[in-house]
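Next come two complexes, and both contain chain A; in the first it sits with chain B, in the second with chain C.
Take a look at the complex of A and B:
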């Protein structure tokens, strides 16, 4: 069920009014029932997987609390919980990828085995809720928090409908306590939720889905376009991806706020980053902090004696897994390796860069750092978007050879109905200009509320006039 | 306890190469420019050396601020005696 669809709108109205009229103590029942219904909407059978995750993670958590730190049984229950979640993830998301590799290898050695790659339909949101559950289990194991005793709250923590399909990946320490203090109806929350939702809807249906048309065309016909057009496609894709995913996140945060719950923030203007380390602090924050806390740091400390190399080792493994988390494809592995390389480079040159920074004019230094970082981001996004590695390399090769072909660029714009294309670019500029203002203002309630309300109304008009509804899936739903 | 605090200030100043750093129990990574997950290992290894203790992956989970780190150091020192 897409947030930007009529079905969701009706679903939300019913849920919200049932929530308002039910006694505060039992409101979680409404939200849990709504969440399970929401998750099962497209494919009811996958609710079974979700319930399996909930029950086993819940049970293991309670059991882990019974044993002391380092006790072997505590470890067994941790492995049970992580094993179940990773098992579900591997079977449904990666088995096809592994069998494909195996079938390629057997094909390579010309073994005459008929080994056909296994393809299962990926349950939506699986990468998000399994990671959230694993995070919870590790929190209990490491003693960061006690296990959750209330099965209902726990089930809601895993399945909460605003965030189950594509995050933000919630933390047990932030989200669970909120379910214990049932929020009450408040106009302030509704105001915030509505403004945030409208802003996200604008990003999704006006910016992302509009850019998708151009991006799909360019990425679908790489061989036919010159480097200059491919650069345009790559830049537009960066904004499409950002608008799509951060738009989804804004809507998720807004919807949760209607019920008084605060989800964590996922973005902090990633494209202003002046180095890749900074980029990962601003892009998909709930995933990058999850990877840092539950993967990077444990890996790094497990090889503590290697000093600097422990960090390099942990960086690479973390980012290859980060790449693969997005999908079982080699392009995502390359995406992860590129990020790992950039971060390792930044780690080794940290002191040196401090020296350069002092020597060189600060405006020039900052500007060139930004250009380099953004270019790197664009190049890495090529692997994020391309159908396969061959496409990605062809695109990059053309990008770095025929980037100067302005005639091809002009022809593309004319073919894309010039005025319509220019109008889309104006909307993107509007998005860039408003992005910081909107999110900053929305956080300081009372200040500039008047402007914000007018702006929200204008956005509604823009959404109704220029939006596309319920046609294009969110990019992150596939992960 | 105060002694540990003084010693830890020196560790911070050495690791982050900044002689003006001051820390308090509520100081977090966000307050110190260079303190992130990459330099965190340097900080922990330097702390281990300065206090002659051993800190493992288990211990660093759930460290939220300097106060938590000071408590951890105190606990480790007590365990040794």
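Take a look at the complex of A and C:
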């Protein structure tokens, strides 16, 4: 069920009014029932998988609380929780990928063992809710929090419908306590939620889905286009991806706020980053902080004797896993490797870059850093978007050999109905200008109520008139 | 009270802004046309054969046969050929006309006094095609505001409402374009044959189209509604599957026929399957993947007239049964 669909609108109206009229103590029941219904809307059978995850993680958490840290049984229950979550993730997301690799390797050695790779349908949102559950189990194991005793609250924590399909990945220390203190109906929350939702909807239907038409055309016909057009496609894709994913996040945060819950922020204007480290502090924040806390730090700590190399090792492995988290494809592995390499480079050259910074004009240094970071981001996004590695390398090769072909660029724009293409670029510019302004204004609700009301009304009209309104899935649903 | 005032002001602001921006976009011209058309690709241009044929039909009195359907209809049934056999007819087929929109055309334009026999062109594609292209064309160009309103509202899509707003804003505008192959009575003619590249595909016996048999439930419901509406209006209706080219994936044909025959039987209506019509071949009688050229139309229409006469759906000497 897409947030930007009539079905969701009707669903939300029913859930919200049921939530309002029900007693505060039992509002979680409405939200849990709504969340399970929402998750099972497309494929009801996957609710079983979700319930299995909830029950095993919940049970393991309760049991872990009974033993001291380091106790074998505590470890066993941790492994049970992590094993269940990872097991589900591996079976549904990676088994096909691994069997394909094995099939190719056996084929290489002419073992004549022909078997077709397993292809299971990926349950939507599986990467998000399994990571959320694993995070909870680790928090309980390390004593960051006590286990959740209320099965209903815990089930809601894992399945909360605004965030289950594409995050933000909730932390047990932030989201679970909120369910213990149910919010009451508040117009302030509704105002904030509505404005945040409108902003997300604008990003999705006016920017992301509009750009998707051009990006799909370019990435679907790489062989037919010259480097200049492919650069254009990659730049547009960067904005499409950002608008799509951050749009989803804004909508999720907005919807949760209607019920009084605060979800964590996932983006902080990533394209202004001046280095890759900063980029990951601004892009998909809930995933990068999850990876930092539950993977990078333990990995680095486990090899602390290696000193600086421990960080490199942890960084590299974390980002390969980060790449794989996005999808069971070699393109995502390369994406992760590139990020790992860039971060390792930045770590090794930190002192040297500080020296340069003092020597060079600061404006020039900052601008160059931004250009390099943005270019690197674009190059890595090629692997994020391309169907396969062959396509990605062909695209990169063309990007760096025929980037100057302005005639090809002009022809593409004419073929894409030039005036409509220019209009789309104007909307992207509006998005860039409003991005920081609108979100900052929303955060200062009381001061800017009048401006916000006007701006929200203008955005609604822009959405109605310039939205593309096709049934286009959110990009991160595939992960 | 404060909240109600806020909601009221917000709604009022949205309505004023919406109409204001629409009005502004309509009045700013680019290449002589409102820039509304460049903001999104779903807006249908005012003009063309749809604009002309409904005015022409509205001004006329009565027909022996009226055809409805998609481009396969307005390019596949020539009222001029039917007229030469003594049957006054008109073609109300429009671009990508979905079954649902066919229903609204029949509801608002066809009645017992202006149509003796209604021929609905059907094929698997008309049960699954996106309504937007068809709705856009009809909302902008129908001369009956009620029909345009019906189509827009029943689309359950904000884009259709935008089109309806644009329709009211361009009400007094002259059409922005004419269709050169439109020759009147709702019929568009093409004398071309297949392109050389496509001819080669046929000659080399290579297949290029692979479709999946998909039927939209809502379109199927409207198909049944068409049958019921015609019964209610006491209009004789026949459903015709016009000839298909070599490029058509025939594997979707069998399930489609299997689906449609029981419905036809239950309503006791005629269904003619001319998908493989004697005397029609792709190389000589089609100008693209799915449309007959004039030669093909001549062959097919004669066969159809003979069949309809043989079954007494229409009677010779221009006397309908």
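The rule is simple: the second predicted complex is superposed on the first by the 478 of 479 C-alpha atoms of A that agree within 3 Å, B and C clash if a C-alpha of one lies under 4 Å from a C-alpha of the other, contacts with A are read in each partner's own complex, and residues count from 1 in each chain.
Keep this in mind: a contact is a pair of C-beta atoms (placed from the backbone, for glycine too) under 8 Å apart; a residue touches a chain by one contact, two chains touch by 3 or more.
Everything quoted here is computed from the prediction, not taken from an experiment.
Is A:298 in contact with chain B, with chain C, with both, or with neither (first, second, both, neither)?
first
After lining up the shared chain so the two structures overlap, which partner does A:277 touch, if you call chain B first and chain C second: first, second, both or neither?
The first partner, chain B, only.
Between chain B and chain C, whom does A:464 touch in the aligned arrangement: first, second, both, or neither?
second
Go through the superposed model and pick first if A:454 touches only chain B, second if only chain C, both, or neither.
Touch partner of A:454: chain C, not chain B.
Quick one: name whichever of chain B and chain C touches more residues of chain A.
B
For A:356, decide between first (touching chain B), second (touching chain C), both and neither.
Neither: A:356 stays clear of chain B and chain C.
A:437 in the overlay: touching chain B, chain C, both, or neither? Say first, second, both or neither.
Once the two structures are laid over each other on A, A:437 reaches no partner at all.
Can you tell me which positions in chain A touch chain B when the two form their complex?
69-70, 138, 142-144, 277, 292-293, 296-298, 300-302, 304, 307, 310-311, 315, 343, 347, 350-351
Enumerate the contact residues on chain C facing chain A in the complex.
Residue positions touching the partner: 3, 6, 9-10, 13-14, 17-18, 21-22, 25, 30, 35, 38-41, 156-159, 162.
Within the complex, which stretch of chain B touches chain A?
Per the stated touch rule, the residues are 17, 34, 36-38, 40-41, 44-45, 56-58, 60-62.
Which chain A residues qualify as touching chain C in the complex?
It is residues 6, 187, 417, 419-420, 423, 453-454, 456-458, 460-461, 464-469 of chain A that touch chain C.
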